[in-house]
Amino acid sequence: MAARKLTRQDLREAAEKYKNWGKWGPQDEIGTLNYTQAEDIVAAARLVKKGKVISLALNFDNNGPQGAKSKYPAMGRINPVHTMLRTGTDAYSGVLDHRGIRASDDMVVMPLQCGTQWDGLGHIFYENYMWNGYDCREVTSAGAQKCGIEKTKSKMVGRGVFLDVPKMKGKDALEDGYAITCDDLDKTAKAQGVTVKRGDFVIVRTGQMERCLSEKKWGGYAGGDAPGVKFENCYWCHEKEIAAICTDTWGCEVRPNETKDANQPWHWVVIPAMGLCMGEIFYLKELAEDCAEDGIYEFFFCGPPLIITGGTGSPINPQAIK
Amino acid sequence: MAARKLTRQDLREAAEKYKNWGKWGPQDEIGTLNYTQAEDIVAAARLVKKGKVISLALNFDNNGPQGAKSKYPAMGRINPVHTMLRTGTDAYSGVLDHRGIRASDDMVVMPLQCGTQWDGLGHIFYENYMWNGYDCREVTSAGAQKCGIEKTKSKMVGRGVFLDVPKMKGKDALEDGYAITCDDLDKTAKAQGVTVKRGDFVIVRTGQMERCLSEKKWGGYAGGDAPGVKFENCYWCHEKEIAAICTDTWGCEVRPNETKDANQPWHWVVIPAMGLCMGEIFYLKELAEDCAEDGIYEFFFCGPPLIITGGTGSPINPQAIK
Amino acid sequence: MAARKLTRQDLREAAEKYKNWGKWGPQDEIGTLNYTQAEDIVAAARLVKKGKVISLALNFDNNGPQGAKSKYPAMGRINPVHTMLRTGTDAYSGVLDHRGIRASDDMVVMPLQCGTQWDGLGHIFYENYMWNGYDCREVTSAGAQKCGIEKTKSKMVGRGVFLDVPKMKGKDALEDGYAITCDDLDKTAKAQGVTVKRGDFVIVRTGQMERCLSEKKWGGYAGGDAPGVKFENCYWCHEKEIAAICTDTWGCEVRPNETKDANQPWHWVVIPAMGLCMGEIFYLKELAEDCAEDGIYEFFFCGPPLIITGGTGSPINPQAIK
Amino acid sequence: MAARKLTRQDLREAAEKYKNWGKWGPQDEIGTLNYTQAEDIVAAARLVKKGKVISLALNFDNNGPQGAKSKYPAMGRINPVHTMLRTGTDAYSGVLDHRGIRASDDMVVMPLQCGTQWDGLGHIFYENYMWNGYDCREVTSAGAQKCGIEKTKSKMVGRGVFLDVPKMKGKDALEDGYAITCDDLDKTAKAQGVTVKRGDFVIVRTGQMERCLSEKKWGGYAGGDAPGVKFENCYWCHEKEIAAICTDTWGCEVRPNETKDANQPWHWVVIPAMGLCMGEIFYLKELAEDCAEDGIYEFFFCGPPLIITGGTGSPINPQAIK
């Protein structure tokens, strides 16, 4: 299909059409996480059948996708810097004994979005507004006074549904620049025998991260070309009433952008208008292997944010429990 | 009871008697987390009956227990410092538009043990050794090469059991310096109709944090006097074969120390000898209220660490799911 | 004297009357540092007569005025956090030898204004403007695009003049809240046999820091009540055409503020309107003793900023050389 | 000349032969900085003749030699991360007005040796010893208890002598791997009409940094091949009794190393045995141009360290004043 180029007007219309402002009241700060109900959590827990826990996080360290090995060390994001406050070598050297205990201790300096993470609802603005119509000036140098990540502290739990798109297509990974259509997602769900429902945490695999890991270089992973959801995906998320969407890429949506008129156009709509949190840089290799093996693509999902008050995102270690 | 003072010899004997080195093989780096089996996780998931998720974390911010408001700003631990890389005020001022997207972004500087956290197995040494007999020199300025917190990335899941000790004693909070006995824990479990089992994540409430929060001052919370488990508790943990123990205090064990010969004597035994991780600075108010209301003191526990490679601990947002 | 309360109108008039915008061209970003000419530097160098170098900095460490020991841990400023990347204990433990060299290395996390520092011209705005009429939106989350401290990289050199006000008044230290008048400064200069001239770096002692140091508590040093220059001092600075003014206090001007209508009213005028940099938290004990001993209150001053691009201030170790 | 390969035995002998331990008493922590006497400082000040101040520092920012653009992002050193605590965009947005002042403020995270810097005497160990025979265990995770950079707070002042080696050789820059001999230095001094004396701060230009800057890529600058002083230079420094040596490279000495038996063999001798501080990553373009123009290669040098207590180095903005 010779697709018409996406325009600012398309963005405006999509933002208007799929805007959820006010849907959960004027004070709401968590958006589509409201879709997940208590009964969904109970049902999701019933999916735990073999007692297997799979971490969906990349280790946080200097081998991460930011910085040194990336062509796109953009915008102040660096890999985590982990330093020690006390060490075992201090202990060995006898310099800690005056305290009566030999202990190590440590510290980290990290951008909240340097690795596996949530994008919170304070992360993206549409013009001067953020989710639910809050003024963008609520996010100051002192942090997000509205929609801070701490508001989601007990909300990142529910049914996880895994959509392994390259598997459906018979590939190891989607190529950079491939735009995942709504039809792709539906076909993948069907092929895997799973139905996406209201309140789900949908996790979409592209295989890009695994390709980078196996090649031992991140290349353009952090901000360069990537497979990802097509702009039309905002309609899909809206219709399905999902709680959140997560991928194994830097920015969920396809790169390069589908338009020259906006950077990350899908972000413009889903975060500020729809109120949808997204998970990025998820490590999905182990989950993909397990699902391929047992044929079960749904599970209990628990991805609690680190509740940094006023954070616009959070590094995480999400858990798929089967 | 005029208790005999704890001596270094007592520590040595306890460390020797309850040492689990080699129990899970010479390569093991996760200790008692091995107690939790797949079937325990499945059974724990069955405890999710009303679909309620309770966060057990304190917000990570400048109001935390370290630093400015503590009399014990010890050892380089500060409250988290959250700074912004881009803001909504930047967006409002129009300075982000050249990138084609209005986004905020942020960074944190934080000691791994500044708030709600896991103590990993690389945190405490007994003489020149850490868990499973590893040389303490495995924890260098470059981090923990053995027993790093990343080794537990999918292991902090299982049955949570909540022991509300002050409630059993008819109090709001235990007083500072009160040493919780094994008998206290057993009585609390009995009063609450729950039995501690192999592989459990045991969460002990003292009420100290809530007292600090209601008084709006941390005082000696971070390192000063506190209620906490008595040294004999290492015997209890060993016998029960629990996976981990967590409290709402800075250091789990009673303060001041039960001896002048060692600082935090219980730590000396449980971490390096027994291989028991511990959770500290847990926020238990909401959990206590919920359990008091429904009378159910067991739940699905999911407390994934932030997997900072080589970390000797981790800030967390543990979830109790009922 | 029953002083008339300072009003916003007074500020407005002072800002208007003493505004130097355009004086050094529309592109200027260093303000009154332009007053210091090459011949002044040559003349200042001639003041080096005994070869004595005096540091005017407080050590940068956890004993600094921010944070733990202050009642005013305001606005995200903390004491420096110094952590090691490699240590001598690592060396002793043998863990560095694989690199063929035994070296230690370190890192610091520090607010630029946590200790002895320059306030740069990007630090204070008057309404929507900064020095020389630049738009305040030039200081974004990405730093100061105009008037960054790096612009002053070779400009903090000239004649230093030391005005020891409490000495003139026969005191050890001025009391908190004492407002230093223009007359006080003139009398001090006269008593010390020195004349303030165009392009000078004027260093005013109040004795407050030494009082805090001797009492071993910072109390309200960082933002609380303090001796300091009276609002009228902006007139004095303007008339004398000094390059910069420095004190041993947190904020140079008297605290509490001379008005309820503005916080730090003198700052409003001198930085954005006049273009005057100021040095704060200078350690003046040793300089005071030396000047008292030799009776010479002028010297070669060299206080180079750490040129953090886009910095609105800088930690420093200024040198008085006699 | 077919040079004999440097051996460990050579290092041992050089360390033994040129060791200054005890020369300035058993308590000394500043080494060869003792060579600079008061009269040298007075004489150096007389060199200020045209009132020109030249900064010898590279800006501290994300364009620095560490990290993203280097092939050698080694050992945890990153470029500085500068973040804002309050901004002009906050001011513009009106969110600061509740404090009654519109101010910006900022913070930095930086390795002490990420840019223009001093290597302090706590930076390198020879076996288990540091300068003056102090035990290397004096440098713990809590910093350098001996020979911390703060000990040099008023000692980095004296006569600067600039040796522009490539200029003497008729080149823009020395090639990577070129080892500067003692003879090269002597010839350069002679060609420039300057004599190196006791207590001098000797600044050696290789031109490598300027080549990197003009090519707009750092390549192997931070740890890769580089021109630099030959091992024999330790004899030269010893004989000349200089205070410190500085270059425009990452590590002063030639890279690759002159031996396989040690990494940075010259460092092994000059820092721990001789007690010589060194300046690295100096920006010398402007100084080179000025000296070429006026033919004067000596000046007043003032390079005060940032006195981070226990620092083993310090970022600096050294000043050459002519």
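In order of appearance the chains are A, B, C and D, and numbering begins at 1 in each one.
By our rule, contacts are C-beta pairs under 8 Å (C-beta built on N, C-alpha and C of every residue); 3 or more make two chains touch, one makes a residue touch a chain.
Note that the structure is predicted; figures quoted are calculated from it, not measured.
Undergrad: Identify the chain pair with more contacting C-beta pairs: C-D or B-C.
TA: C-D
Undergrad: Check the residue numbers that chain B and chain D use where they touch, and answer same if over half are used by both copies, otherwise different.
TA: same
Undergrad: Check C-D, A-C or A-D against A-B and flag the pair whose interface repeats it, over half of the contact pairs matching by residue number.
TA: C-D
Undergrad: Superimpose the Cα atoms of chain A on the matching ones in chain D and note the rotation angle, 0 to 180, in steps of 5 degrees.
TA: Rounded to 5 degrees, the superposing rotation is 180 degrees.
Undergrad: If you average the Cα atoms of chain B and of chain C to get two centres, how far apart are those centres in Å?
TA: 44
Undergrad: Compute the distance, rounded to whole Å, between the mean C-alpha positions of chain C and chain D.
TA: Whole-Å distance between the two chain centres: 27.
Undergrad: Could you list which residues of chain B touch at least two other chains?
TA: Residues 76, 81, 83-90, 92-93, 95, 107, 109, 137, 140-142.
Undergrad: Based on which chains touch which, is the overall arrangement a line, ring, star, complete graph, or other?
TA: Shape = complete; every chain linked to every other.
Undergrad: Which residues of chain C touch chain D in the complex?
TA: Answer in residue numbers: 37-42, 45-46, 48-55, 57, 59-61, 63, 75-77, 80, 82-89, 91-92, 99-113, 122-128, 130, 135-144, 150, 153-155, 157, 257, 261-264, 267-268, 300, 302, 304-313, 315-319, 321.
Undergrad: Name, in rising order, each residue of chain A that touches chain D in their complex.
TA: 62, 67-68, 70, 73, 76, 78, 81, 83-87, 90, 93-95, 109, 137, 140-142
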